[in-house]
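We call the chains A, B, C and D, going by the order they appear; numbering starts again at 1 in every chain.
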Amino acid sequence: MIKYKNFGIVGGDMRQIFLSESIAKDENSVKIFANSSTASNQENFTDKLENAIKTSDYVILPLPVTYDGETLNAPFSKSQIKLYDLMRELTDKTVFCGGINSLSPLIPENTNIKLKDYYAREEFQILNALATAEGAINIALSEFLGTIHSSRCLIVGYGRIGKVLSKILKDMGANVTVSARKPSDLAWIEVMGYESINTNNMPQKLDYDLIFNTVPFKIFNRENLLKCSYETKIIDLSSKPGGVDFELAEFLGIKAIHALGLPGKFSPIKAGDIIKRTIYNMIEEERL
Amino acid sequence: MIKYKNFGIVGGDMRQIFLSESIAKDENSVKIFANSSTASNQENFTDKLENAIKTSDYVILPLPVTYDGETLNAPFSKSQIKLYDLMRELTDKTVFCGGINSLSPLIPENTNIKLKDYYAREEFQILNALATAEGAINIALSEFLGTIHSSRCLIVGYGRIGKVLSKILKDMGANVTVSARKPSDLAWIEVMGYESINTNNMPQKLDYDLIFNTVPFKIFNRENLLKCSYETKIIDLSSKPGGVDFELAEFLGIKAIHALGLPGKFSPIKAGDIIKRTIYNMIEEERL
Amino acid sequence: MIKYKNFGIVGGDMRQIFLSESIAKDENSVKIFANSSTASNQENFTDKLENAIKTSDYVILPLPVTYDGETLNAPFSKSQIKLYDLMRELTDKTVFCGGINSLSPLIPENTNIKLKDYYAREEFQILNALATAEGAINIALSEFLGTIHSSRCLIVGYGRIGKVLSKILKDMGANVTVSARKPSDLAWIEVMGYESINTNNMPQKLDYDLIFNTVPFKIFNRENLLKCSYETKIIDLSSKPGGVDFELAEFLGIKAIHALGLPGKFSPIKAGDIIKRTIYNMIEEERL
Amino acid sequence: MIKYKNFGIVGGDMRQIFLSESIAKDENSVKIFANSSTASNQENFTDKLENAIKTSDYVILPLPVTYDGETLNAPFSKSQIKLYDLMRELTDKTVFCGGINSLSPLIPENTNIKLKDYYAREEFQILNALATAEGAINIALSEFLGTIHSSRCLIVGYGRIGKVLSKILKDMGANVTVSARKPSDLAWIEVMGYESINTNNMPQKLDYDLIFNTVPFKIFNRENLLKCSYETKIIDLSSKPGGVDFELAEFLGIKAIHALGLPGKFSPIKAGDIIKRTIYNMIEEERL
């Protein structure tokens, strides 16, 4: 655990609010900028960027850092913050960010900004997969008019999210089929007690109540959508642009939901906690 | 499975629509009255009670049969149906109903109505408990801003719903405590790997993220509500009037939700299936 | 927990040794008679019955109290102890025993012996079922040359042992079928995700790798044994005389094992612990 | 599945007998040499190496191929088979073997032997880990005098065996701690609901009923053995020379068991099945 440090938390949503509360509870000092000021974070809140940054040991930027590539992701902020300007203020700071691609090119010359991407960390991705899986269960419970128990579920992809999600569904009593390609994945799927099919060679009928896609390729193209029943619900958990031809799905009467950012939407306390713990790990490794 | 019979289905909601579809698929004839007529049930729908009843071998009434004690539970019906009048039409019929107390006194003299309560059947209650538990998970996932995984959950009561719900929560990774009283229940709770507390003698602190009450007594009175944290969410699954002093809870800032009729709300397909299978069991036992 | 009491423990096997150690750890005084004296129990061991009984608040007799109906079950004792004689020494004592039928008729007149049967307690039976189920898994792992995972298992009977055993087998990845009769049992079997068959009406083929019988009736008579494959292993957990025609099974080349007293054989520490806790419960209830 | 091929199976133990039966059932032709001839494999058995090899499309050697580096692992064979000689007979053949290091240097010049190592395949290792884990459970159930349920278990290492074993133990109700080092492993351990400790920095007390080691380094050296209770049972599943200072353990009164080759010992049917399926995969990939 990290203690007695100063953190500046800039931008973001509810996750950053819970993140800041959690960091503060560990006897750190926290300043929040460009987020919502509430009764409970009043004393940690500042309306000047400088106050959040100047004395901080670490600065934390949100996940994702930006949606448009130019301004900080800060939905609760009254004013827009240009990434270009922000980077000019962060001279010499250690800055944790969620995704690094938009920021790296903006590091000013002759500065010593240490950009560190918590989103790229394996443990972040694993714990986030758990929160994503619970969000997917939430959607499934709301969308499907039967019970998960004894339903027929297909999970496409056996990465982190696929692993967690298939376990929850099976524990809830669903008939779980997982689609994968590698013999080693297929062996694990067997060990865990799921049925398996090959993603490269889907069977003629995809007769499932619920399909959860986790693969960021257009798996549910014309060929595979035509194999589904119109009663199938597809919950696509893969990042934009997703793995479903949504227009065709709608035309066919198949409900397909592109479910993005579930940890932030359904589990912001946990999402904040995961960011905190990943950053703590990164700081501790630095020290060794 | 029951086949080649005529069923009249009177009143009810989406469950009865799915129930009627499911019965029809088993090669029975079905007539629906006092429910919604949709594209898919058009041919089985009738707007005359007589058509639904006259040639039917079995009549199915909804669950619950009535909310007010006087009229049939038929939210999609255009007109009200008096129980008193209805009973006069059911002469000589075998009638399955969900709850029998309001109907029994209304059986007319000199008739031979055989009233049979599917709600009172043990297997109905067990399967319904499963659907209720999934509904409770749905609410918990929506209300709690963390993840079920690693949350602290208390289930009060170890009857059917308590048994199913605690298993799902533990399988999802929650820290599960169950409150019960009988030594035999406490032994089962231990075998299943949950912590236990005694309902008669709750500890001084009820420091849980989520509390699920299944006991139809006012467990969460002043004494026990004061033991909860204001961050606790209470999901009360017990039948009316419930086990929580809701006014006091609100005053204390504790969110308490009285969650009733979950199978019908979240899992009408399954709820209809459970009614069907229970009625089939009852018919088959009759035959033996 | 019970403290500061004197216990006399008479007869029994390793379970009683572990039982006495566990009771002593709770700050009670213990005297052991008619069991094995070892290095570790030397100071609590006595070779005179009188020493074990005279100052004791509670006397504990083994499970079962007797095998032959006349002498105490005391395999490690050098001399035989007649139940008739023993009862004459227990005047005015509270005596806990495992099974009461052989002792009740022997209570002498004009005494005040309070005989209490821990074996008849529901919580004892439940916790003991757990130890029995683990013993059954041990035997299955040793007998079956495949893995439990993906094996085909039949559990006959859905009482306490059936409930625990089927859960362990399913969690280990077996394909689990449970045989029962009551609609409510069949509903629970479905909720738990097992296949079910009807004990009264077994299918034509009992094509299982492992069959666990828990029902104390001759289920595996000629008719049902002929349905088994000669590769099936039958593990009969029901009390004497068991539920299998063992002679016929042997003739047919089907390996059938009558597995009795598993908690004492495989888990004597736990078996002792279960006796202790049940007796503590009984003492505490007495006090209320 | 592979069909209509000729397989020569040379050397090995019960696993190879079951392997040959299983291959034959798939409508392949099988010849067994240098193993036990039994009533059931009489017609496939040959006592001349040439018969097993000459017409075969594929030759299968055992796992491990050799224990001494010179002769084939063939415990049921009447005569010893020198690897050097064997390799001279296998000209032009596709040969599947369990471990390749002893054989590669022996490939004669001017031949076209295609040596393929099924033991090196990821899916083989995963499925074998499952059989190993069940063997470990078998040993634990026999060695530990309590129940797995509510026992305190430590699994050292979170590779394939660690993953399967910890899941079975937890499902059986044990209190499971896993020792690992990588943040990503620690994250998975948390997701699966186990406690974690750091292998590099074990706590001062290793107060467990059962310790399962899967790491092939001397983890249980003087320092760590002294942290164990003398009641701890250590089951070492790591390959020779194992991860325990066995002499010191014995001196300290700690029972440590080096459990090797569990799939072959306890689950030869499954072990044979895993070899078959891995080889089938390898043949099918070749064809693509």
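Operating definition for what follows: contacts are C-beta pairs under 8 Å (C-beta built on N, C-alpha and C of every residue); 3 or more make two chains touch, one makes a residue touch a chain.
None of these values were measured; they are calculated from a predicted model.
**Q** Does B-D or B-C have more contacting C-beta pairs?
**A** Taking the two pairs in turn, the one with more contacts turns out to be B-C.
**Q** Taking all residue numbers at the chain C/chain D interface, are over half used by both copies (same) or under half (different)?
**A** same
**Q** Taking each chain's centre as the mean of its CA atoms, how far is chain C from chain D in angstrom?
**A** Comparing mean C-alpha positions, chain D is 36 Å from chain C.
**Q** What is the distance, in whole Å, between the centres of chain B and chain D, each centre taken as the mean of its C-alpha atoms?
**A** 51
**Q** Between chain B and chain C, what distance separates the C-alpha centroids? Give it in angstrom.
**A** About 38 Å separates the centre of chain B from that of chain C.
**Q** Taking each residue of chain C in turn, which ones touch at least two of the other chains?
**A** Chain C, residues with two or more chain partners: 130, 149, 173, 190-191.
**Q** In the complex formed with chain D, which residues of chain C make contact?
**A** Chain C residues touching chain D: 14, 18, 130-131, 134-135, 137-138, 141-142, 145-149, 168, 171-173, 266-270, 273.
**Q** How about chain B: which of its residues touch chain C in the complex?
**A** Residues 121-123, 126-127, 129-130, 164, 182-184, 186-188, 190-191, 281.
**Q** Under the definition above, what is the set of chain A residues touching chain C in their complex?
**A** It comes out as residues 149-150, 173, 190-191, 193.
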